[in-house]
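What follows is a pair of complexes built around chain A, which joins chain B in one and chain C in the other.
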Partner chain A sequence: MSTLAPSRTEQSDDVPVDLRPLRRLKRNRLLLQLACVAVSLFMVVPFYLIAVAAFSSPAAMNEFPLRFLPTAFSVETMSTFLSSTGVGAGLINSLIVAVGTLALSLVVGAPAGYAIARYVFKGRDQYQLFLLFTRALPIVVLSVPLAELFLNVGMYDTPLAVVLLHTALTLPTTILVTASVFLAVPVDVEEAARIFGCGPLGAFGRVVLPLALPGISAASIFTFVLSWNEVLGATILTLNQRTLPATVLSSLSDSPLTFRFAGGFFLIVPALIFIAVMRKYLINMWGTTIR
Partner chain B sequence: MADISIRNLVKTYPGNTEPATKNISLHVEDGEFMVLLGPSGCGKTTLLRMIAGLELPDAGAISIGGRDMTYLPPNRRNLSMVFQSYAVFPHRRVRQNIGFGLMTRKMPKDEIARKVAWAAELLQLTPYLDRYPAQLSGGQRQRVAVARAIVVDADVLLMDEPLSNLDALLRLNFRAELKKIVEHIGTTTVYVTHDQVEALSLGDRVAVMEAGKIAQLGHPMEVYDRPADTFVGGFIGSPPMNFLDGQVADGRIIFGEGASIPAPAAVPPGPIRIGIRAEAISIAAHRPDLVPAVVDVVEPLGAATLLTVKVADQSLKVQIPPSQRVSSGETVFLHFAPDSVRLYDPQTGLGLLASV
Partner chain C sequence: MTRTELVREGARGGRASRSRRLSPALLLISPSIILMLLLFAWPMVAGILQAFQSPDGLGLDHIERMVGDGQFGPAVRNTLLLIVVLLPVQFVLAIVMALLLHQRPKGQGLYFYLWAVPIAVSDLAAGLVWLAIFTDNGYLNSALSTIGVGPVSWLSYTNPTSQFTAILVAELWRATSLVMVIVVSGLQGIPKDYDEAANVFGATYWTRLRHVWLPLLKPSLQVALILRTILAFQTFAVAQALTGQDFPLLVGETYRFYTALQNPNVASALALVVMFVSMAAAFLYLRVLRDGTKGAAR
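Right, the complex of A and B next:
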């Protein structure tokens, strides 16, 4: 029998701690922070300048150099913009179109995405590729025949016509994004729901959908913003029922500079609000990512 | 409460050439605890999933309580299951996870709360009831899966390796606890494991599976004592059963020069393989009718000492009391308890009638 050997750690106490890897780690972290700030500035600065211009008096716009701080704060520009003809109606149309597009593309796209994710069927891969073909065509090429089609069936110049066009445009991404989202939801939890008494719909609603919500909200942000900003198709398919971007675009050439800034600002804000609302579903809700 | 009747189940996964289950038939009595035991990939989970309705068989039939279930969806079979992968719901707290099956069965709230509290107490989950699964350890998540399965009043309880992720002590305690719970609720249970100790200690009967077939079905001690073939003997027991090849001649089984044991009367002459458990071999002082062997390795295990010995170039495990002192390199003499010697066909590995 031997006695217990003295513990190893006590002997190696005098080896100095190498701090270099830690310093490198800290430096990399700092660089990452800087990169984030740079990217953010790239996005924020133009928005900030537009906001400053939109809330400056028309007179201040003609000064040189332009102000970087909102010193000449005034709501005059904004109120002129808001009260000009077509803006109110355009705003309502835009909201109808964006929400309609969002709803329709989710109603059609999410089940399609679910099918791609969960079922093996003939031609699945070809179908996924084929989906992207709509995006291969320029919007103009799509809209002109559509305009004629809608004229014939009496749907021309309605928000519904724009909703249909926008849904066609967003559907491929909605389907492919939701498919990957559903793919990330483990099959076994869905099976567990079935075992413990849920039908196929119950399992979807109680388990799959809540788990897919973050991804689906990301897809809806994309859909909403695309529809909100799309101008070409909306201009071709409407005459009086213009969406906001279409309204702004059509009066752009003969409007003052202030109007353009106010319009630009006003176009950005709703998209930002929508993103802010959806953000809460984007970041995960249960402590960590799924699984 | 219901019995399970499985007839000629065949299942081949798409893309595989080899079927995962080959014509399996099995009858589980009402209230019986049936253990499916076998090496990884032998089709245990597949069989369980077909009983659950998560996988549809290519051929064959399953009925539970006299009702045909073969192609019925899982939610209409009134069963309960512990998944090998736990499958707890990440977006629900432990409390709602455990109560899920009760909620879908529209049980009143206070009753759900009572049953959840009971199961949480039993599985030592009470402190974690308000956590999300992501905030639990693997073993705790597995216990949530078990709790979720035992609270519901199902006809059949299916468990796929429910103890695989618990530490040794917890597993030991929990194994006994589980036996008590299942006996208490009296549900027909099919329990999958590849841990033979678990199988022997829990099962009313054990079905040992090999490559999609049931190699032997019987009471645990019967399976342990009288393995139907060399696969079962080699799979069950720690250490597994020893196998020795020999020749039958002149009423003796001869392993080599000077190493032989008496053969049972009914054995015809020719090659043979005998099976014997390590604890059925003892060592003794030299006697002419004993089998000489050279000790290779000596492993003291506390309650017993395990020897690896060589008999005519074949390796054997021998278990002796710790009081008996042996050192490696020594020659010892082995006594094979005659009642414990099993005879197998060396070609097919199947048991010969003389012994089984």
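Right, the complex of A and C next:
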């Protein structure tokens, strides 16, 4: 270091150093940062604006031009939204449906994921192809005939009907994600547990499950968000037992703008939490599940 | 590793132990198969019957009603137009975003988080967010008024171009993150050696992009492309939130026939149209995917 420093100054005294590559590098880093900031603005500004709209007083939202800073802060818009008819019940229904979907798709999907990860069986490839195929289908579109079927068996307008539809929607993803999670658990530890006297269920419950739990909970949060976000099927399959997005959608045409802004903000909150929690898993989930 | 071991074990044990190996797997996957068939095949058949029902048995009454509806043509046209315009823009943006992150800018963790957040936003919520911006007294007009540009009714049916643009921007905002995450994970899967080799031979950034990264990204891009195509056919709540019924899309028409017009038969017919178009795309998806993996280095 000490020998390098003088020689550098010496050099700059005698021959002019070509600083152009350095400058070009600096300029490129600057442009890179500018581009990143520009994209970030496009992604973030809408979130900021809907938050300002949802937390401004209704009177301020009637002004024109609107204020870009939250100077008229008030929780009136949000509290009006949350106390409107249907919103409280819709919130409860949404939570019931999302948790029900999560539970059902784990109960049905995790064993299937385990089977894909651990067993070679006839039709394994066909089964995976079937999953990919159903995953690509707009199953929600089938909610119109499903509504008719649910009417006949007396299940129309119940959270269970929506849970079933959402499970069909999320199940392929749950299976593929849990399969990749179980694949990541070394089979050796399971065999070791068996050697030391665990039954197949014991080995699964005591050794595999704890190791797979982080990945499985990531898949669960994903299922929760899919169900929370789904609106078309939930609207078609219910009439009075609406979920929150279905409530907002069906009252779009006859609700004031402030109600819609508050609804929009409220629907986004779980998304923000979801990505914050899932940041580490995002690439793994989309990278591995899709193939 | 695990699979080959199990296969070997099964082969060693002969026929009896193999059938014992088979049954737990089938036991484990059968609930999922039954559930999917119940919730997919059954309504599919019921939907076809519903769509082709007529006073005297089977007939094309509902199909004629669907095709004859004034909104059907525009709905098909808008849906296709949205896909054709949205997807190229979306993919260019997503690739640019992924490449920016690939250059490891300072704060890349934060950027990745911010750019990925819309992935979890529902299309209804995205529509409502951009409604706050594009509505007559919204933030866009507020911003324009400060530089003296008069208010524009972006979402009015008299302005079909700006209606379309608003929906396009909202979808671009909401769904580009998904493509970006897929491309980022694809870029991470490319061995650094290729890039370094190209660098050693003096390839410029553009040469490396064209001849190293993009070809190696092809499988990821194909998957993302078909996935997004199928999802784009289902675009619905964004348009509902932004323009109501003024900008018809296929799934939106299903919703309108079911709720407003109370005609489940035509709604079923429309649903089947979306279904079959997506199925065609899904078949394409699987074909392209197989060819893609065959061609890839693995």
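Going forward, the second predicted complex is superposed on the first by the 213 of 291 C-alpha atoms of A that agree within 3 Å, B and C clash if a C-alpha of one lies under 4 Å from a C-alpha of the other, contacts with A are read in each partner's own complex, and residues count from 1 in each chain.
Here is the rule we use: a residue touches a chain if its C-beta (ideal position, glycine included) is under 8 Å from a C-beta of that chain, and two chains touch if they have at least 3 such contacts.
Since the structure is predicted, the reported quantities are computational estimates derived from the model, not experimental observations.
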Considering only touches as defined above, state whether A:E148 meets chain B (first), chain C (second), both or neither.
-> second
Partner touching more residues of chain A, chain B vs chain C, is chain C
State whether A:F224 touches chain B only (first), chain C only (second), both chains, or neither.
-> neither
Check whether A:I268 is in contact with chain B, with chain C, with both or with neither, and answer first, second, both or neither.
-> second
So, does A:G202 touch the first partner chain B, the second partner chain C, both, or neither?
-> first
Which superposed partner A:F55 touches (first chain B, second chain C, both, neither) = neither
For A:F81, select first, second, both or neither according to whether it touches chain B, chain C, the two together, or no partner.
-> neither
Check: chain A residues flagged as touching chain B and also chain C 120, 286-287, 290-291
Mind pulling up the chain A residues that touch chain C in the complex?
-> 29, 32-33, 35-36, 39-40, 42-44, 46-47, 49-50, 53, 61-62, 64-66, 68, 108-109, 111-112, 114-122, 124, 127, 129-130, 132-134, 136-149, 164-165, 167-168, 171-172, 175, 183, 187, 225, 228-232, 235-236, 245, 248-250, 252-253, 257, 260-261, 263-264, 267-268, 270-272, 274-276, 279, 282-284, 286-287, 290-291
Going by the contact rule at the top, pick out the chain C residues touching chain A in the complex.
-> 1-3, 5-7, 10, 21-22, 24-26, 28-29, 31-33, 35-36, 39-40, 42-44, 46-47, 50, 96-97, 100, 103, 105-107, 109, 111-125, 127-133, 135, 137-139, 141-143, 145-146, 151, 173, 177-178, 181-182, 184-186, 188-189, 219, 223-224, 226-227, 230, 233-234, 236-237, 240-241, 244, 251, 254-255, 258-259, 264, 267-268, 271, 274-275, 278-279, 281-282, 285-286, 289, 293
Which bits of chain A are touching chain B when the two form their complex?
-> 120, 186, 188-189, 191-200, 202, 207, 210-211, 285-288, 290-291
If you look only at chain B, which of its residues touch chain A in the complex?
-> 14, 52-54, 73-75, 79-81, 83, 85-91, 100-101, 104-105, 132-135, 148, 152
